[in-house]
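Listed below are the structures to be examined.
One chain, subunit A, appears in both complexes that follow, with subunit B as partner in the first and subunit C in the second.
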Partner chain A sequence: MRLSFLLALAWLALVTLAAVFADLLPLPDPDAQSLLDMLAPPGAAHWAGADSLGRDVLSRTLHGFRVTLVVSLGSVAFALVVGGALGICAGYFRGLTEGATLTVVNVLLAFPPLVLIIAMVAYPGDPLMKVVLALGIVFTPAMVRIARANTLVFADREFVTAARAAGMSDARLIWRELLPNLLPALLAYGLLMIAIGALAEAALSFLGLSVPPPTPTLGQMMASEQTNVMEAPHAVFFPAGMLFLTIFALNMVGEEVQRRVDGREGAA
Partner chain B sequence: MRRLPRPVRLAGSVGLTLLAASLVSFLLVALLPGDIALIILADSATPERVAALRADLGLDQPLPVRYVQWLGDVLSGDFGRGVHSGVPTLDLILQRLPVTLELIVLTQILALGIAVPLGIWSAYRRGRAVDHATLSGCLAFLSTPPFVLGLLLIYVFALNLRWLPATGFSPLSDGLGANLRSMILPVVSLAMIEVPVYLRLLRSEMIGTLQQNFISLARGMGLPTWRILFENALRPSSLNLITVVGINMGRLMGGAIVIEQMFALPGLGQLLVQSIYAQDYIVLQGIVLFVAVMFVAINLLTDLVYSLVDPRISMGGRS
Partner chain C sequence: MTAPLLQVRGLTTHFDFGRSVIKAVDGVSFDLAPGRTLGVVGESGSGKSVLARSIIGLLPQSRALRTGGEAIFDGRDLRTLPEAEMRRVRGRQIAMIFQDPLTSLNPVLTVGRQIVQVLRQHTDLSVSAAKDRAVELLAEVGIPDPKRRAEEYAHRMSGGMRQRVVIAIALACEPRLLIADEPTTALDVTVQAQVLDLLRRLQDDRDMAMIMITHDLGVVAESCDDVAVMYAGQVVETAPVAEVLAAPRMRYTEALLQAIPRMEGPSHVRLPVIPGAPPDLMRPPSGCRFAPRCAHRLDRCAAEEPPRAAAGPRHAFACWNPAPPPVERPLETLADDRA
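Let's look at the complex of A and B:
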């Protein structure tokens, strides 16, 4: 488990760095078309081959990961901040705050997630913003529930009562006493959500509902090369494989962290 | 305060959820920024058509009035008409519903058919090679987007081996064999991402059950292992599984959108995607509402099945 955990971490670091610094790497322009290289197999000029417009598949995949990265990290950050804040308030103040929050959460949960995301993405507006927001909103209910459940556990503990008796204000108490105790559980769950976000972005871009071309996205690369899969399997399966490995690594790291956080709480 | 009987509470919460779902679906269209009629008609907007659509949607009325009117229409089965086609939305939905239902039901059957025996075996052989292999496989399939698996299956079984059609749908009127053949690849693509969810859940519940006294008793009585596993241990271990299978209907509905698009199956998911490409917000609204209602109904059904399997949960009013 240790070695595979480290390998997964290394892979994630590698992909993230390659995506962030994709412009600095000695790779062809992701949008540069070359009719001579149409569907070229992997070789010296194109390490992962070229697609039906003669564009470099490796370069496009790395640039595609930028969208994956922004969408999955952005949406999880949104859910962490909004869902975390709502959940902590619901669990701390109880009463009307809790009732109202849980009602909204239950309504959101009444919709199948991808249907809700697609309905929101159908709105006019900046594509990247829309996708991040739509995913963030769909991730929020789960985060609210986890934040609330964990707050309920800590809200009755002695150190909270003591802090309140010492005259600490609610806002300060939540910030200084509760939040540090809740953060491990929230972040561990957020880590698993990043994988779900990456999967959802791939599904959306496969349907053509994420960031539009010419910006490369992994799902859109696969969708547009699907018809050429016999002549040039690399154009479909290279981005597919990279996506799979990355999500696999994310799940592996996420589950390991989740296990450790759970163990820590059990021991407390 | 005496608690209300469970059926009453259940009906109340279902009613509230449905009402809220209808409000969300309504606001989905009502909150579109700008002139909704112009947005919906887009390029095909002529003054007459805009005026007709405005009147149809009752745009000159205040929002709450519009909601009540719209809700009344919906309750009497009028989900509005497709902006471009003019076909009633409910007809469009009902026409495509069977394909999606077939896809989802077959997927659940296949996923459970794989997950239940493997989950039981894995729990029985906990910590052995079989268990490790199963769990690693689970993590791998959990990390595979259904359309990636679909592409791989098309590449291998349709294009290279030519065993199965790559895309397209054969209705039941073409015969059961042809219908099922066109469903195999989509169903497998969708089922394999559900298997790990079911398998891991059943495995962990099963491990708990197998440590109980009544299992030791059954073993002591000399019952064969397969009977203990399938008859004595499976039922008490499957309660959470039933809930998750019910909840997963929604996840599958999402997966079905991508899979239907990829395999060209004329289902609800394909209609949803097409309505977005065509910016037909009325059809989109109809589908979102319809799916939410279906989803709530399935969750209610899951609750009922749950109480049948576990006799400790009764539908009676005892508090």
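Let's look at the complex of A and C:
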């Protein structure tokens, strides 16, 4: 468990750094076409081969990961902030606040997420922002429920009553007393959500609903090269394999963190 | 006697659930002067804690809540004070400490930070000034190496140490009234004595009034000036401590005292117990609420509620068939020496 956890962390660090610094790495331009190298297998010139337009697959994959990173981190951050705030307020104030929040959440949950995303992406605007926002809204209901459930557990604890007896304002009580208790659970869940976000972005871009070409994304690479999969499997399987390993690593890290967070209460 | 700091008059706290009404606190009155300690004694479910929470305004916000009477603190009725005003009173003027010091401390904040929070809420101290003050407060409640301890979490401390921290938090803003809800129940006996000593010392330093809620008459004897005995939501006897311990008049108080083992006298004697259980607060018995369990019950006890009778300048009780007054009062001098 320890070793695999460390390997997973190392992989995530490697992929993230490679994606962030993709421009600085000695790689061909992801958009540069070289028709002579069309569907070239992996080799010295193209480490992961070239696609049907002769573009470097490794370079495109790393650049594609940027979209994956921004979308998965951005949408989870949105859900954490918005969903977390709503959930904590619902669990703390109860009554009307809770009723209204949960009604909205239930409506959102009853809505097919794909329809919601297609509807949102159809609006004009920056495509990256739209995808982040759409996935963020899809993730929010779950975060609201988790934040509310955890708040309910802590709001009944005596230290909250004691803080109230000390005349603490609601804002200070939530921000300084409750939030530090809730954060580990919320972040642990957020970590698992990042994996779902990365996968969702790939699915959306495969369907052409994410950032449009020429910006490379993993899903779009797989979609456009799938017709050549017999001839040049690397053009599909390299980005797919990279995504698979990354999500595998994210899940492994997420589960380990969640285990530690859950164990924390019992051990204290 | 100085003018009272807190005057409670006919305080009632009922929970109205439509079909039934729980009369948790039912017409409680008492006075409390600065620097004095009132012990509130009673069995579990007698309404002690609800009384304390009624005074400090910490009852659950519920549509079932029905409140009445008044609690005049420093000229203002706490019961009619708006929540924003009440928040300034809590922690600053009136502080409260709870039974279990572990659960009343935040598990993920250092104890120093928790004191800083309260100081920052009520005063204009900067963060660093508040930190210095927190260390001073920890030193004042007798925590060794307070600077280092301020950086620690509650779970690394012993029970007595935690309760000292809780006291430091409560006293951070120099409140004029401290409500202590069973502050020593969760502690070892030796630590209990230390905490009671500490509370008394801090109280004397600040001329602070205190309401000590407990079911332990030993704690009362050790730390209180006056006692209010509660039964089924009502105060059935109020008196100076020594007077109540030596010569209780209300039969419930008498029965409580008889149920305490004595140092003198034979050791292998069955202790007298009070038969039965405290009454259901939804359907309290008519007349005297203690009547169904009372060994000295008269016919009129179940029929009419006994009026409050005076048994001395500061001693009142409600009983139709009271214990006889002592022939001479050898302990009366003792009762006044702490006043």
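Here is the rule we use: the second predicted complex is superposed on the first by the 265 of 268 C-alpha atoms of A that agree within 3 Å, B and C clash if a C-alpha of one lies under 4 Å from a C-alpha of the other, contacts with A are read in each partner's own complex, and residues count from 1 in each chain.
As a working rule, a residue touches a chain if its C-beta (ideal position, glycine included) is under 8 Å from a C-beta of that chain, and two chains touch if they have at least 3 such contacts.
Quick caveat, the model's predicted, so the values are computed rather than measured.
J.: With the two complexes overlaid on their shared chain, look at subunit A and say whether subunit B and subunit C clash or fit.
T.: Aligned on subunit A, subunit B and subunit C fit with no clash.
J.: Would you check which partner chain A:R259 touches, where first means subunit B only, second means subunit C only, and both and neither mean what they say?
T.: Neither partner.
J.: Going by the touch definition up top, name the partner, subunit B or subunit C, that contacts more of subunit A.
T.: Residues of subunit A touched, subunit B against subunit C: more for B.
J.: Where does A:Y123 make contact in the superposed view: on subunit B (first), on subunit C (second), on both, or on neither?
T.: first
J.: With both complexes superposed on chain A, which partner does A:G167 reach: first (subunit B), second (subunit C), both or neither?
T.: After superposition on chain A, A:G167 lies in contact with subunit C alone.
J.: Check whether A:A203 is in contact with subunit B, with subunit C, with both or with neither, and answer first, second, both or neither.
T.: first
J.: Please give the nearest C-alpha separation between subunit B and subunit C in the three-chain superposition, to the whole Å.
T.: So the smallest C-alpha gap separating subunit B from subunit C comes to 8 Å.
J.: Touching residues of subunit C toward subunit A in the complex: what are they?
T.: The contact residues of subunit C facing subunit A are 56, 58, 87-92, 95-98, 100, 103-109, 117-118, 121-122, 155, 166, 169-170, 172.
J.: Which of the residues in subunit A end up touching subunit B in this complex?
T.: Interface residues on subunit A, with respect to subunit B: 103, 106-107, 110-116, 118-119, 121-124, 195, 199, 202-203, 206-209, 219, 222, 226, 229-230, 233, 236-237, 240, 243-244, 247-248, 250-252, 255.
J.: Any idea which subunit B residues touch subunit A in the complex?
T.: Contacts found on subunit B: 16-17, 20-21, 24, 28, 32-34, 39, 139-140, 142-148, 151-152, 154-155, 159, 249-251, 253-255, 257-258, 261-262, 272-273, 276-277, 279, 281, 284, 287-288, 291-292, 295-296.
J.: Help me check something: in the complex, which residues belonging to subunit A touch subunit C?
T.: Residues 157-159, 161-169, 172, 176-177, 180-181, 268 of subunit A touch subunit C in their complex.
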